[in-house]
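By letter and in written order, the chains are A, B, C, D and E; residue numbering begins at 1 in each of them.
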Amino acid sequence: MEQNMMDTIARISGVNLRRCMRCGKCTASCPAFDEMEYHPHQFVSMVENGRIDELLASQGIYTCLSCFACVERCPRNVEPAKLIEAVRLAVIRKQGENHLHAEQIPAMLDDELPQQAIVSAFRKYKR
Amino acid sequence: MKKLALKELESLFAAIAAQQTLYLPQDDAAGQAQFAAWKEGAARSRRLNTARSAKDLFFPQVENLAGFKREGKSIEIFETREDVRPFTVFGVRACDARSFEILDKVFLKAPVDTFYASRREMGTVITLACTKPDETCFCRSFGIDPANPAGDVSCWMDEETLYWQANTAKGETLTSELPMLEDGGEEAVKAQQEKLHVILEKLPLAQLDLSKVGAGETEALFNRPEWKSLSESCLGCGTCTFVCPTCQCYDVQEFNTGKTVRRFRCWDSCMYSDFTKMSAGQPRPTQLERFRQRFMHKLVYFPDNNDGQFGCVGCGRCLQKCPIHMNIVKVIKTMGGGDDAK
Amino acid sequence: MQVTWKPTIVAFCCNWCSYAGADLSGTNRLQYPANVKIIRIPCSCRLNPMFILRAFQKGADGVILCGCHPGDCHYTTGNYYARRRMTLLFSMLDFLGIEKGRTRVEWVSAAEGAKFAATMNEFVKTITELGENRRLEDLRCKE
Amino acid sequence: MQGVKEKALELLASGKAQRVLGWKTGEFFYDLTPGVFESAEEVEREFEYGVFAGANLSKYCIAESKKDGVTAVFLKPCDAYSFVQLLKEYKVKREKFYIVGVQCDGMCDMEKIRAAGISGATAVSEDGDTLKISTIYGEETMKKSDALLLKCKTCKSKKLVIFDELLGEQGEDCPESHRFDEVERLERLSPEERFSFWRGELSRCIRCNACRNVCPACTCETCVFDNHNLGTDNKAAASDFEENFFHIIRAFHVTSRCTDCGECSRVCPQHIPLHLLNRKFIKDTNELYGAYQAGADLESRPPLMDFRKDDCEPSVVYERGGAKG
Amino acid sequence: MQKIGVFVCHCGTNIAATVDVETVAKTLGKEPGVVFTTDYPYMCSQTGQQMIQDKIQELGLTGVVICSCSPRMHEQTFRKACHKAGLNDYMVEIANIREQCSWIHKDKQEATEKAVILGRAAIAKVQLNAPLTAGTSPVTKRALVIGGGIAGIQTALDIAEAGFEVDIVEKQPTIGGKMTQIDKTFPTLDCAACILTPKMVDCAQNEKIHIYAYSEVEQVGGFVGNFHVKIRRKARFVNEDVCTGCGACTEKCPQKKVPNAFNLGLDTRRAIYIPFAQAVPKVATIDPDYCNMLKNGKCGVCAKVCTAGAIDYKQKDTTIEREYGAIVAATGFNPIDLSQFDEFAYSKSPDVVSSLEFERLMNAAGPTGGTLLRPSDGTHPKTIVFVQCVGSRCEDAQKGKSYCSKICCMYTAKHAMLCREKYPDTDVYVFYIDVRTPGKNFDEFYRRAVEEYGVHYIKGMVGKVVPENGKLKVQASDLLDNRQLHIDADMVVLAAAIEPDKSARSVATMLTASMDTNDFFTEAHPKLRPVESPTAGVFLSGTCQGPKDIPETVAQASAAAAKVIGLLCKDSLTCNPCVAEPNELMCNGCSNCEKVCPYGAITYIDKEFRGPNRTTLIRRVAQVNPAVCQGCGACTVACMSGAMDLKGFSNKQIMAEVDAICR
């Protein structure tokens, strides 16, 4: 189960966890640091070490702003934000329901805003 | 003259094959006709002619001549000749039938080539008259009548019947062993021959002008400037040579098997850059000389030495197979006075 | 097949690593079958595909090339070229329907005497199971 | 194609070229012979271009390159790849040629027409995608697509990679050529099936060397199979030598140099699909070492003269899926 | 046909116990060409060798096969023995019937059969052997060092010490390289200038060393022992031989606004300049990009003040040509461009500096006279943040380098320590991913920074630096504490990754030396030949081969020098006779062999040949330089026609061995 979940998350995110060299630049770059109980670098190591349940239960996953600072700064192309998004998706899959309703996506979409940020925002505020 | 209903043909083949190997044209995997040993159920090819000529059965591409074995410091020479058993070839066309006449002049002249001679002796040739010649056929130019082929036995075929005419003692013997053949058929054959002669009139190459080539034309032709442009496109491959029913050049080579040495002969081509190469080098250093050699041999040197007989039978194989479509007809026309080609 | 049949195996070994590796397996008295005959070449990149086909033509049942590990070539890059050449050649032999496993490449360093012996034992076993080379032989050599 | 002959005349007249390398008219409509024309008169009399101009002229450029002055040459897309490859191997000099790129819709094969049972052909005309063939036995028709040369059926590219002047439109690569389909089909067979397939095909070989001599990549001064001093010569079509040695090495020697022009199969008098051997090497090279098209440019390193440190091991051949056995 | 003698060795019982040596000798006697066979207990003994020599002379043997131990063992022994008897060394072949036969088989019959086959293969090979003579090529006793940094200087000094002439080509106006810009050296903290400048002076004063500063290598031809090199001497607009280096011109030049490259643009210099006080050669150089006289012909002040009359506005670049026996590449490194690292505000704030800039700020001869001041406002920084691995270990090829730059951990520790020592009131933070300190006294040094100097080492990375109100807001992670830190720093120092100098690639191309994907020179063997390039006669010194600190660089520089000396000591080079040789008549000029040659030994020439029918034709054919070829044989397989063959391992010989084994 655990292994399965790890693989799923790794697959959804497309992140190669083994690339991480524990430099912490993601966490250092994170503007939501204080709000998160687990920080970007911890996400990486927790997924790698199979501490999935703790992550799934964490509120921190919804605190991530999907600002992509960590993705931008990571020297090893690990892309923690994508991993966090994958954890969120995993939660949703687990709950068996999708909080997104397509008709609710208003026409106020901004070209500058990453798609992922919009989607995650809706998911978050729907709760 | 004898005849046989075509539906009985299978039994005729079976009867011949019961006593000796019977070769007849069969379609290969690529859909071309090739002479192959008949087995029950084997279908006769409908193609006009075989891709490789009937020469192959009498003068195979590779033939072992002798073997050598070394034991310590002594060398033993041993025989490698295979026993040639009686065989029959069915479906040889008039052009290929003529080629034996030409090959005989080379191989049966003293010193006799005993390998070829034994195959000629053991082989019975059953020819088959043409009904639908191709545009590349020009046997007529060499005085061959495809409606009346030579051979030990000549055959004609229409939609329903095979007609059979033994021409030689060998042919008669074979005929006597085939009780299914009935008498008759002269008229049908005659009608077919007439029909074919009408078709032959329409063939574009049936009446080539050979007046400028032939015996005694060496000086007139050898230094003609046209050889250059004719030979320029020649790739120097051996396709024309190897499909030709009359090419008879071979090389003698040796192969070391590790235990013994096999001396064998294999076809060679005057188009090859290493043909008749000697220690002093290549006597025909460029493709021009090699190209000229092939056609001069067929059209001048051979007639010179053989009472005017040309070394070509007009089967048209080289016309069909040359990768770049250079051929003896183009040479004859070019040498025969310029632009009458078109 | 006769029970007594033993395959003929040609091993091409590069002078710097694998030939030394073969020597080492000798020094350590590591046994491998006598059907393996080694030909010394300066580098695995010296192996012309023609040599392999020639061996099969003349009756070899298996051919193996041993060279330095990639990155360790005495001539720095030789085995990289050999690797590509052999890969393509083997693929072609496979394409022509030659049994898989009749040809092989193994990287054996000068220190890997044990690996050399083990490789040869294994290869001889594979070839013995495959049986005689009938698909690439020259019939003239079978007398 | 309109304008090819006119272009030849124009180039000779303008002095841009001292001679023209093109196709000479034959006895029939289909037997065009590559040839060199040195005067307008010759061009007028003998130059012909059409759907039977299948021959790749690039190999003739090796000889033309040694002559003084400029030769104008007509190159179809696949011929142009061969030309660039020759340029890359210093067999031709660029400045010796004025290259007229000729776009091509596929060339026809008289052997295909004969195989369809049409004999005594004397003339042909194109009507859309139908060939109307006049024979001495009457009129016949055939779909042009059925009469195409094998190489044209799986055309890899209509892009002219080199030219000084273009007749017709510049074309594109044809990614949907399916040229590897037949190779893939064979790969899926068992080794036994593949062996019997190739034995059947290659045993027909008569070692006429047409495949080798026509190949624009076979440019050796002396072929190893003609070289007695090397001990690798073999003139005979004897005892499996062709199956076990000649055709393997022939294809290996043109690996990463073969542009897949298909001439080998076109010229084979025994209709052996020799191009499949070349294509197998091309396919493997593409799959294992990255896509590579010989003759596409002058700079890239041929895969066989290159390496990566992390290249696959030869054992990949035995591990790859797909093939049974 | 050769007359071959076969000598089967018993090796005591090593061979004879499992191989029936008599049978082997007898059976091999039946092979074609064999005129004598014998067996003997110890072929390699004096008596054994004598017997071989006697037989060669007595029977006139033209080839010798010795069935014995591995050729790796005694091939040389037997070759020498045969040589003494007048037989060419390369007419001897060894059949390895010990290591590869008797020692690995137990069954005597099997082993004997195999020994016979191995012997047969050796006989088949020797039949085709031809006497080979090792060629020689002379050695020009002069070395070229490309690059005048500490690596080049050390190499040149060592070579000169051995008595050989050395030329240093340096593209900057002075030799000295990066080390001149460094303040102190780790782990001893001695002053870089104090240990480097005496070496620079040694170079200048050594009569064996010729410095071509402000020059670049333009073309390299030839091969080991015989390189021809063209060197372009860039115009200084100052006569080098006349200039006394008094510096009068550099004081009077009116163009004062030239960024001072030596101080990395932290201050300015004049258009005519001497990079620094101890420059070698100490001569002025005019910067043509800024000099008014050169740009618009108005000024000429320097010419007026120069009492020596050294100024020459009309000077042009000149090219000199020299011959060398060996070439050393010492092209060095540079810190990478940091403009890609926006997050650290390097281009936004002058107070974010690279480590090399920090060296200048700490240096007594630097822009601040050795007092650490912020470049923005000249105040003392109280809080300094050091960021390690900036651009090192970075997968993003656009920004940085995937390798570890190796020296940053140590110099950052040094900087941190020096800050704390000089200014005990400063807070110093070092953010690290890993601290890597392998080296003598290195870890002790780093621990001293932490334990004695109280530098705050924090495991984590800086995420961003934002200049705000004269401060630098540093946001960073402390991974061990699982905290995010916000530090108001006065200065941020970035430990930039180092990369090979940009000129290295063109130098490598000229030298036909290979490079890796990062543009570091590749060594001939990563373990066993670390200071040689795969191209014979080309050696590697310093960071052009990979990141290195000063002690390592100097060690490698001396090692390269030792290799060069070893080469230059020889009057001529004996070539390996087993080299590739093209048959020109068969060569088709395709260049495929050239492409796979790792040594650049193959070149092509256009050569006239006799064509058919008394014509001549020019053909492009391969030429192998036997002095450069190492005999790997890669070219022989790349050659389709078999025109390229390898002497001693020819196609025919190997196929004869194959035939003998398979029969």
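The criterion applied here is as follows: a residue touches a chain if its C-beta (ideal position, glycine included) is under 8 Å from a C-beta of that chain, and two chains touch if they have at least 3 such contacts.
Fair warning: this is a prediction, and the values are worked out from it, not measured in the lab.
**Student:** Determine the set of chains touching chain B that also touch chain C.
**Tutor:** D, E
**Student:** For the chain pairs D-E and C-D, which is connected through the larger number of C-beta pairs in contact?
**Tutor:** When the contacts at C-D and D-E are counted, C-D has more.
**Student:** Which chain's C-alpha centroid is most distant from that of chain E?
**Tutor:** That would be chain B.
**Student:** Can you work out the whole-Å distance between the CA centroids of chain A and chain E?
**Tutor:** So the centre of chain A lies 47 Å away from the centre of chain E.
**Student:** Can you give the whole-Å distance between the Cα centres of chain A and chain B?
**Tutor:** 81
**Student:** Suppose each chain is reduced to the average of its Cα coordinates; what separation in Å results between chain B and chain D?
**Tutor:** The computed centroid separation for chain B versus chain D comes out at 30 Å.
**Student:** Return the distance between the CA-based centres of chain B and chain E, expressed in whole Å.
**Tutor:** It comes to 69 Å between the two C-alpha centres.
**Student:** Which residues belonging to chain B are in contact with no fewer than two other chains?
**Tutor:** 255, 257-259
**Student:** Scan chain D for residues touching two or more other chains and write them down.
**Tutor:** Where chain D meets two or more other chains at a single residue, that happens at 224, 232, 238-239, 304-306.
**Student:** Can you list every residue of chain C that touches 2 or more other chains, as numbers and ranges?
**Tutor:** 49-50, 54, 58-59, 71, 77, 81, 85, 138, 140-141
**Student:** What are all the touching pairs of chains?
**Tutor:** Applying the touch criterion to every chain pair yields A-E, B-C, B-D, B-E, C-D, C-E, D-E.
**Student:** Given the complex with chain E, which residues does chain A contribute to the contact?
**Tutor:** 19, 21-30, 33-34, 39, 41-42, 69, 72-73, 75-77
**Student:** Could you please specify the touching residues of chain B with respect to chain E in the complex?
**Tutor:** Where chain B meets chain E, its residues are 70-73, 256-259, 282, 285-286.
**Student:** Can you tell me which positions in chain B touch chain C when the two form their complex?
**Tutor:** 255, 257-260, 262
**Student:** Which bits of chain E are touching chain B when the two form their complex?
**Tutor:** Touch list, chain E to chain B: 30, 32, 612-613, 659-660, 662-663.
**Student:** Help me check something: in the complex, which residues belonging to chain E touch chain D?
**Tutor:** Touching chain D: residues 585-592, 595-596, 604, 617, 620, 638, 640-643, 651-652, 655-656 of chain E.
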